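Down below is the structure, laid out as structure tokens.
Chain lettering (A, B, C and D) follows the sequence in which the chains are written, and residue indices restart at 1 in each chain.
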């Protein structure tokens, strides 16, 4: 699948208001904002919600994780092949809340590629971003763990980390960079795009908002203002 | 939910022919056998298949695993609450292909109970079965890992392990015991029930069979022959 | 080895002032207090310090952990056999800072027994204490993780947890119980012993003290006052 | 510490004849071969053996692993600082028998550098070797896991993997490459050096040999023949 850039990727995590039926509702809000404001929005959901959310919306759906296993005698792991069949177009990998072994990261990217799933590898800093680039994932998302869930956006507080990550990743391969952690406002998004990222990875600012539609509106408008 | 005993619990694992659309088909075969032969059959499926399989059949659906986390900022874990909302009535825990920390096992059983999910804790031997009993799960399944996937059934090859497990678990609490590993034939099932188990946990004998319906027929008839 | 009870087991963790040469010095202080006040004191040290501390003192030395592997092609794990040869008489297992899989816990207790090492299994609550009893370790230490490193002692704040743990463990086997977490004063120790424990597991109150000898003196005197 | 290249790094693993007193003996054999044949030999030993082996020999001693933690309230982990104080000059990291998370790998290399420990990061293939190079360790060791412990040497069977690893690592940084897995004979070593590696990582060929001295002699002579 081809994802339009810049991308707003909304991570539903395991937030109460982004599970099951509510995951469908929130995904529909994302879909509506995407259509209304003409920007590219995707959602990453619980493994168990991929099927129902994929049926409910036409925007791209990601898994929040896949395990480094293939079909066979494995009990209770999240399979790339199954995630794909249930409607996902891609998956997050190595999120700061779900770090994985370096060998499993390489295997997971390979397995995902083989199954036709896009990969978004999360990296807490520029060195790990560069390392991840060796595996040639489709996206790398810079998220300093200490800013996740805060009101301090990576693009405002640590712009040099974003630019250094872009530079180090590009020294290996031309992989689009997303950034995340602390993204709250359109201004945070604008700064991120100015720094050269191809999108943002966002969670609580959208999922915990009383009005996610308006938050997405401000993000989309910030992106539009940079791309005219 | 109340599960009728004795129970045949079919673990779909990540077998190619038990994923996605094929998971629905196999679950329907299990449902048909359950209705036809009047025995209690449940299925344990990939997290991503719980929703669609639960919609497709009316027999009990289990998750193959849940993680020891509750709703909140957790990315890519399998949530008891979500598994429940998507239609599962229970979950496997600590399968030999997915061992977990003792503290997470206790937490997972507690979280599952709180969310109204049944728990089937897998134990590779009688000591671990007894330990698991301290957490008061709904079922304990004895599965010596060295027999899983073989043609040597635990009930035939290691009957003393089954009886010792029943005895040790019962010294803690009255928890129904299932057994698994190497169960292939009606005779294996018959022996297991004779030893005092309340059901079997089976995977490849059903999922990899060319004719799972006939396999389930033989299992159901073996159970019936013991309960008349 | 036979350990005299009640036991004061001092966990050196990875505290700066309890590493290498300083581990020897602190162990000597423990040895001196043991001799002077006639109470049983043992130390648990970094894997790398077992040899030198064992050479430096004659009180019992424990490892802080062993891995569930035996001699062979394993790189970088802490081997029971090696810990024993280097002078340890026992090991902690499943400390709240080092939780392990339930199957590895059983294996580790078995391997330690085979190699002649005593085992002290840490449990965060009474259910896990009871579960651990199924594996028949030499000691079980109750340490509610939320009190570790605080000034609130388990014996004062949660006496019912201690008595419930003793009761549940004894329903399985007669295994001596230690308790830990928040133990700071002789009074905390006195209360613990009154509740029926056979010793305490202590870390920061001793290792971070400016005067560990005096702390141990107060602990020893509290124990003596209970055992006359 | 400065290590002379090419290096023969002998991994003692947890082999019975390379533990405790026997680790000292084997390390002395390595030391003798190093002196006699004028080649650079180092040993990697169990955490518990670092102190005694460092006292027994003057060749460089490595730890087989360190954990990604620093001094403080951590129980049972292998600390860089402690490994250093006990005499090690470096450590293996991410051995195929001890894979670690990508974030822990980065942290471990950083912590080791801070403590003055050399790092040898093991990589199962060229992509992981390149990724590891982003963290700027002192050495990268290529070891295809499927050849470890076999009689098929990586230098003979997969020379293109060695050259590709050297090339990919050098595209990031000038880090000396070792290779390992299946190295048995002087000829294997000769081929490895011809391919451009700066040394070998070897285990069973030396540790399980009846005559490790002769094995090391053949390795040293093969290296010498390449460096005259």
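Keep in mind that, in the parts below, a residue touches a chain if its C-beta (ideal position, glycine included) is under 8 Å from a C-beta of that chain, and two chains touch if they have at least 3 such contacts.
Please read all numbers here as calculations on a predicted model, not as lab measurements.
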Exercise. Specify the chain most distant from subunit A by Cα centroid.
Key: C
Exercise. List the centre-to-centre spacing of subunit B and subunit C in whole Å, with centres computed as mean CA coordinates.
Key: 38
Quiz item: Per the centroid of Cα atoms for each chain, what is the distance between subunit A and subunit C, given in Å?
Solution: 45
Exercise. Among the residues of subunit A, pick out those that touch two or more other chains and give their numbers.
Key: none
Quiz item: For the protein chains shown, what form does their contact graph take: line, ring, star, complete or other?
Solution: ring
Quiz prompt | subunit D residues touching subunit A - in the complex, by the definition given at the top | solution = 94, 99-106, 124-125, 127-128, 130-132, 134-135, 168, 171-172
Self-check item: Touching residues (chain side subunit C, partner subunit D) in the complex
Solution: 11, 13-16, 19-21, 44, 46-52, 63-65, 69-79, 81-83, 85-86, 92, 95-98, 148-149, 203-204
